Each structure stands twice: as structure tokens, then as C-alpha cells.
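One structure, as C-alpha cells, below. Some questions next.
When the chains are written out, they are named A, B, C and D in that same order, and each has its own residue count from 1.
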Amino acid sequence: MTISLDALNAAPAAEFTAHLGAVFEHAPWVAEAAAARRPFATVEALFSALREAVAAAPEARRLALLTGHPELAGRAARAGRIAQASIAEQAAAGLDRLSEAEFARFEALNAAYRERFGLPFILCVRRHGRASLLRRFEARLASDPETERRSAEAEVLRIAALRLDALVTGAGALRVAGRLSTHVLDTVRGGPAMGVAVELAELVSATESVVVARAETNADGRTDAPLIAGRPVPVATYELRFGLGDHYRRAGLDLPDPPFLDLVTLRFGVAEPEGHYHVPLVASPWSYQTYRGS
Amino acid sequence: MTISLDALNAAPAAEFTAHLGAVFEHAPWVAEAAAARRPFATVEALFSALREAVAAAPEARRLALLTGHPELAGRAARAGRIAQASIAEQAAAGLDRLSEAEFARFEALNAAYRERFGLPFILCVRRHGRASLLRRFEARLASDPETERRSAEAEVLRIAALRLDALVTGAGALRVAGRLSTHVLDTVRGGPAMGVAVELAELVSATESVVVARAETNADGRTDAPLIAGRPVPVATYELRFGLGDHYRRAGLDLPDPPFLDLVTLRFGVAEPEGHYHVPLVASPWSYQTYRGS
Amino acid sequence: MTISLDALNAAPAAEFTAHLGAVFEHAPWVAEAAAARRPFATVEALFSALREAVAAAPEARRLALLTGHPELAGRAARAGRIAQASIAEQAAAGLDRLSEAEFARFEALNAAYRERFGLPFILCVRRHGRASLLRRFEARLASDPETERRSAEAEVLRIAALRLDALVTGAGALRVAGRLSTHVLDTVRGGPAMGVAVELAELVSATESVVVARAETNADGRTDAPLIAGRPVPVATYELRFGLGDHYRRAGLDLPDPPFLDLVTLRFGVAEPEGHYHVPLVASPWSYQTYRGS
Amino acid sequence: MTISLDALNAAPAAEFTAHLGAVFEHAPWVAEAAAARRPFATVEALFSALREAVAAAPEARRLALLTGHPELAGRAARAGRIAQASIAEQAAAGLDRLSEAEFARFEALNAAYRERFGLPFILCVRRHGRASLLRRFEARLASDPETERRSAEAEVLRIAALRLDALVTGAGALRVAGRLSTHVLDTVRGGPAMGVAVELAELVSATESVVVARAETNADGRTDAPLIAGRPVPVATYELRFGLGDHYRRAGLDLPDPPFLDLVTLRFGVAEPEGHYHVPLVASPWSYQTYRGS
């Protein structure tokens, strides 16, 4: 349930804290500290106040903010003993549907990480595809304690920013969302290609892919909505798939069997979850091009 | 073992027939008939003589030429009771390594075809990938007897042409081979991309692919030899895979992680086994293009 | 001076006619006839009423509508003896700045046309570049009287539509404007190219070109405003010129002297004045591409 | 008249010198010195011997090699009082057809250069287009004496290499030639575009261009011979012009009038006269691409 920034500015302190208490897991004191600094002109200013409250807290509290965080795909998550927001975030990343082998792998990584750094492994999962999540886990396990302490705190802030963005409406919104869009141009007829089936898949491993969006191009050659929007674009390798052969068959062109181009696949990586990835297809039945556009 | 056209022209008729007797399966009479028309100026002229010998034969013989052909992936093939050339051809198409389920499917198709047309199903397997072979089988099963009789004879001639081409050297060679080649251009540095790993896979089904060639680009951005040459390019859907990310990493460019382009895949279909398919990749770290070139 | 559709609907008939009387040259009777059909829900409906008033007029009036039209670059225009709107339209097309030779050519064409068809040559000049205007003149001179009569009336309506669009604001605007825009993508850095100088020239003849717009790309790689908008895009051959070499020099790339690509020119034709021509440049220092986009 | 390396190796020393005496202008002593080092296995080895003879010569002789060189477009050249080879080279660069104004400009530059450095301005004119030649002249005029002395000697060697290459045949030829070629691909039909008119022009100034080659594409989409080959590609800005609209009209496509693409122009710079510039056009009626290929 969202609340407006104006309502938050006007609410009694207790209510403010009640609304925002879960933005930092098990740490309502962050919201309490920020309540005193109202009113906020923008959501960004509110988030800054929360961030500064964390920075100003005594070391023990700051550490507790990290140690209180649930593990990724951990036993507590499995047993439902973590905060509501965490349950939803981990589920969105597919961490509630792991095979036994995958669960065991996370168990081992979690244990190794906790052993090495004395902290749970914290990552803003909504910013990562599954392959990226595991790669970061392994990379950070090889890091040093000081760097990891900073990384963990940075991730807690990223998680908090996304939660705040989902809770509060108002001016000066946080820039937590990216965008992934496409566009199909028909170079035989010199205009947008309409009615082309488009599929976006996340390549989870060398052999596994998960379709994350399906759409059809409209009269402008675009999909009615971006393929991913209103959220971070998870760091991952993606494949866009276009039914180009069907488009040209419908257009009545005489194509060989099989056609030179039929299902066209564009494989690309996303490294900036808050970035805009426009990946167009400019194509004839015998040629195509793509690029990162804007 | 190859023999020169000159030697064939000069040989006693019996020797000529011995050399070419297996070009048409179980039908040395075709070579016998052609022997009398020597000398031949070109291999093409020799092949024409063989084709005309078939055309001039009495109906019973022409029919026997078809009925005597081994089935694809049939029991006789499995038991090794077919001509040496057929064994090699079917093995090259992977028909000797079918799973039990695939073998059963061929059995059923063969039986249905023989039941419907009174002929074994004949197809020049070297001109088809596995998916294409099954599609043609199904398409021809739905055809009519007259068309099928003509198709079967045409395929016998295609098989014979490939066998003759492999046996006889000399002027005026048959045009039985196609070519599949590639070329990688680096548009950041404006020249050929050297040392790029290239892989060509045949997409056998929606989930299965078989790597048919691996190579690395040379200083001219090409592979030292075409990816497929000296034989028909099997009708199939292919995927070319390029290690573009590695190329730009080696060149010292600062790429995001994961890079926008890493493994680039180009998917295309081949419909003319005797055609030249040049499929270049013109790429920067953020854009690429391909087309059917020449 | 513009007036709103609402005001026109509410005005006394005489005032309505006064406002719209010049939409059809020397023919206030067209507006008078339409006044009786008020109110109009849209500007399009108003235009339809004007068009129907023309269609319903007696033959003599319809013919007078054509014969009363000024010639292109004619003596009357030169002497300022034509309607204010015509003066502006002809001036916008450069017809008031012809050399003596060009003026003489128009004189000859006008005379030949009037001799052949008994009408002045009528063309909606705002929809044509100078070369197109002359080509149409010559093509129509070779036409037959019946076709020409229809063409002349169609052009009168096009002229009227543009005049009406400039005079009246309100819902349901006429679709009389096209658009010409561009976009520069840098495929070395994978994003919009900012600060690129762009020039649009109309190619008047094989040797003469006239710059019609100059701009610089912004942070999104586009120009702040379309290069042509809010009016028909004149039928013509254009050349877009981009300072691509300067862009890559500013970016610090090490380019040869002279660079492979420096001033990049894209030459293209516009045939639909009311269409949208998006002509992007996707470029590295060693490659570029364009297409008609959307 | 050419001579073989073998013949030069076998000839009496005087004959050797007679043949090669003009390779270095007014300096047969260079050839004389090299004669003693025969036989040469390759033309490259012969050239090395000539270069080393220059390097080993006493300062006065080396200086005379420079001072004895004719000026570009100088009075001596005009009066025909320079070596035969120089006359031909300067004529090929168009320096014998200068307007009075251009001649005056060269006069002034020559005088300033001689005044500043005590040497004639020496440049291997066959490696430069006219605009490049003037730019180099101005750039070198701003240089310092030591650099200029080295530049002048380097240019003398380049001139000598081209003369030697034209005189002597044999193994190990000098690499003095570049290449400029093109290729037209039709992405509507997926193959080479045949019969496309191609024109190559050197852009001499902002307003002047000189056509240096005309050709038509063959069945492979290439011109029968490269547009420039067997000589250095002059440093210059070029424009390739393709009759693409005519190609698609001949192919029966329904194009607007004027077509979106009609005469397609590709403008590019050449900075390495000994390089290979392959500049293809990959095009449909609504899109095109080019790049520096190989």
C-alpha cells in the first residue's frame, strides 16, 4: 500500500515510523531518526535522510543492520521466518523455487561467507538475474572484510531505496528503475514492422533460459509497453527473439524454405540495472542489424 | 579411390564399369551403357551419359533402380546389408547413431512410405540436415505417386552425382558442392578482427544443436578454410557463434560486466545446398550486423 | 492571426466569412456556403464543409476558382498583384528570388500551360522543393485536359487546407504537416552521440544545394526540434551532413589524417510531404548505417 | 621500358647504371654504388642497396640529392626542364594544368619554402591528391629545418621506390601499391547487386570534385577491376556514388518518386596510400550501410 510524501510529512512521528519501519529490515530506528527531519520536499530528500541516519548510527547498530539481514535462499527464508518484503524479493528472483542441488549450493555459499566475514551475504536481488547473483556471490566471497562491509551496506541501501520507491509517491522520485525496449524496422518496405512476435528470455546458464516477456510489435514497430520497465533491469545475459520470417511471409515475400532469416535472436548483456537498453532490430529477409540505442 | 577421366576414357569397358558400377546402387548396367559412349571431354558429359542411360532404360529396370535402393536408417542399413557408399552416406547424416525412439520413427515412416508408394523412401541425405530430412520425409509421404516416382528418380541422380564427383577427377567437374563462410570486421578499429573464435552449429531441434565446425579468424578476419566446403551444405538451420567479447577484451577496450555483446549468435537457414552462403559479422562492442554476402 | 474553432462557430456569418474568405483565393463564396453548416466539431469537419461547398458549386464558379488563381512566379506575383497568402507561399518557395533565366523559364512554362489547358498552372508550392516544382510543371504540361482539371482542383484544396490550418485552432486538426528528424548513435561507446553538428540541405540541382536547417545533437543524440516540422516536408532530394569526425576527435579517439569518416553525408528523397522521415546515423569512425526509421 | 631483375644482375655495371640512373633524379652515383653489390635476390634487396648507398654518401652528395630535385609545379617543370619521370609524375597529379592563380600559389609556397629551408619542396606526388598536396606543403612549411631535411630525404626515397617498381620486374616486389575497391549487396534479394553504376570522385575542395574512376558491378556485385590499384591510393577525401535507385527500378520494385535512396554517396578519407580500402555498400531501397572492409 503506497502513501504520499505529503501524508508522510503531515503524519504523527509514530505513524511515519510505522509506514517506513520495514524499509530497513528489523531496523525501525532508521525511520525514527528521519522522522525528526521532516518535512521532505522530495522522495530523494527523504531517502537521503534515511541514509544519513544509518551513517550517523553507532557502530553496533550499523553492524546489527547487516547481521539482522536474512540470507539469500537461506533456511530462514525457506521457513518463512524473514520479513515480508524479503520474501517477495527472493521469490521474484526465483530463490523460493530452487532445486535441492541449488539450495545446497546456496547453503554452502552462505555458510562459507558467514564463516569468512561474520555477516550474512547481502545483495539487492531485484538488480540481478540468477546467473549474476551466483557470480557476485562467488566474487564477493573472494573479497576482503573491509570491502565486503562496505558492499553489504551499499546493498542494504539499494534494497531500502527500492522498498521506499514502492511505498512512497511524490515529487523527486528515486531513480531505481531501468528500461529494456525494442523496435523492429522493415528495410524492404521502409517502415516499422507491425505484428512481429517478440520474446525476451533471460539466459540463466549455457543451456537454460527463462522467458521474461512476450509481446507483439504495434503499428510503430514497438511493443505497447517496454519489455522491462518500472524496476531495475536485472544484470543478466538476455536473448531477444523475433518472428521475422513470419513477418515477411505475411507480407507476401517469396522466401526460400527454410528462409535465410526466420527466428532472429539477439543476445546481449545488461550491466546497469538503472540504465535504458533500447535494442532495435533493423532487418530485411537477408540482413539485420542491432545496436544499443537510446 | 579416385580415377582420372582420362584413365576412364582409355580403360577397357569392363574396367570402366567396375570403377563406376556402384555410382547407381545395384545397377552396374547404367555404367555399362555409358561405357560405349566414350570418350568424354568432361565429367559433366560423363554424368549426362549416365543420366541418359537411365532415361533410356526399359520401365522395369528404371523401377528396379528405385526399389533396389536401401531405406534410410532401415533394418538393412542397420545390419550392414547395404552398399558401401550408402553406409558412409547414412553414417555422415548420423543415421547410424539414432536413439531407439528415432529408429522407431524412421521404421514407421519407411513402412508408411513403402505401403503408400511401393518404393523405399529415397533422399540424397548428404544434402540435408537431420531436421530437414525428417521434414522432407513427412512432406513426401503426403505427396502423390506420380510426383513421388519423379522425386525418387531425381534423388537417385543426386546421389549418383555426388558419388561420381568423389570418384572421378578431370575437367568440367560437376557442381555438387556449396560453401559456407564467414568474416569478422571490427568497426572500432576499421579492419578485420583476428583471433575471434567461431563455431558453427546445426540446430537439430528447438533444444538440440550439433557443432559442425570450429575455427578462429586469421589476419584477414576470415577462417583459413570455409566452414563447409567441397560438399553440399546440408539444408538446415544453423547458428554461427562468435567470441566477440573476448576479441574486444583482448584489444584492451573497457567493457561493462557482462559486456553488451559477448557471444554473438547469428541464426540462419540454408535452402540451396549448392549455394554460397557468406555470413559476415560487422561489429563493435555495441552493435553488429550480418547479411547474406557473396 | 489565428482564431479558435469555437469562436468561428459562435461568430456572425459575415465575420466567419471575413475570417475564412481568403482560404480559397478570390472566392469568399466557399466560406459563405460553409457558414450555414455550423457548428463544426473539428477543424476537419470545417474543411470537409468547405470542400463540399466547392464540389456543389456550379461549373462556372468551380472553373473561376481555378482561373482566378495566380500563376507561379508569374508577372502578377512579381508585381505584387496577388493575394497576401500567395505572396507568402511563393516567397517561401524562393519564387520571388529567381534569376532572370529562371523567371524566363517559368514565363515560358506558364504560357505553354495556359495555352494548352486554358488555366493557370496551380500547385501547392509549400509541398515541393524547387526541383520538384519544375519537374511537376513539366510532367503536368504533358498531361491531358481532364486529368489537369482534376489536378488543379486537388491542388487548390491542398493550398486551402494549409491556409485553414494556419488560421484556425481547435480539435481535429488537419493532417497537413510532415516531419523530418534525425538521431546520431555512437557505436564505439554504445550510446547517443552528443554535440554533433548537423546540417540539412535541399539539393536543388546537380550542383546547387541550399541549407534548410542547422542543429547540434543533444544528450539523447537528437536535435532539440525536428529539422522540419509543423509544415509539409517539401518533395525534394535532401542531404543530411554530420560532423562525425569532429565527434570522435572530441572523444579522444586516435584517427588517421584525413579520417576515414569525417563529414558524413546521407542523401535521400522525400516523396510524401505529410509523412514522417526519421533518418538516423548509426556510426563508428569506420562504419555507418542509415535507414528510414519511425 | 621494364627490365628483369635477372637481366640487371647479369648486365655490365655501366648498363645497370644506365638502366637505374634516373631512379634518383640527377644522381646516377646511387645506382653506380649499388651495382657493385649485385646480385640481388629480390627487388626489395636492390632497393635496400640503393637506400644504403644514399645513407653512406658524403653529406655534400646527400644534400645535392635534395637540392637537385625539381620544385612542384615550378618554373623548371613548366618549361620542361626537369627529368622525364618528374614530368610524368607531376602531370599525373594535375600539376601541369594549374590555373594561373594556382600556379601563383605554388610559386609563392615554393619560394617561401626555399627561403626558409634552402631546399626545394620535395613530395612524392603520386601518393597525394591535390588537396592533400597543398595541406602537406603548408604543414611542412611550418616545420623545423632538421625535420624537413629528414622528410625531404624520405620523400626522395618514396619517389625512387615508385620509379624502381615501374622499371624492374622480378621476385620480392616493393610494396608501393594500395587498392581501393567496392562491392554492392542487395539486401532485398539477398545477393550481389549486378549492373550498378559506380563512380569514384576525388573531392578536391568543398565545391570541386574530379571523377577518377567509373565502373559497373558484375554478377558478383564487384567491379571487374579495383577502382584504384597497381599504384598508391592518393591521400584524399573521396566520394563513391552508386546508382542504387536505378538498380531497384530495374528489379521492378515499386519505389516512390523521388525514391528514398537514388544516388547513394559514400564519402571517406584515405590516409594510407599503400593500404587496402574496401568500401562496400550493403543496401535496400530504404537503408544502407558501409564500413572499411578487407
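As a working rule, contacts are C-beta pairs under 8 Å (C-beta built on N, C-alpha and C of every residue); 3 or more make two chains touch, one makes a residue touch a chain.
Just so you know, these numbers come straight off a predicted model, no measurement behind them.
Each step here moves to a touching chain, and the least such steps from chain B to chain D number 1. By the residue-number overlap criterion, the interface of chain C with chain D counts as same, with over half of its numbers used by both chains.
With chains reduced to the mean position of their C-alpha atoms, the one farthest from chain D is A.
One finds 57 Å separating the Cα centroids of chain B and chain C. As a whole-number value, the distance joining the C-alpha centres of chain A and chain B reads 47 Å.
Contacts with at least two other chains are made by residues 185, 187, 190-191, 260, 282, 286-287, 289, 291-292 of chain A. Interface residues of chain C, counted against chain B in their complex, comprise 185, 187-191, 260, 282, 284-287, 289.
Put simply, chain B touches chain A in their complex at residues 132, 235-237, 256-265, 267-272, 286-292. Across the complex, chain D is touched by residues 183, 185, 187, 190-192, 220-221, 282, 289, 291-294 of chain B.
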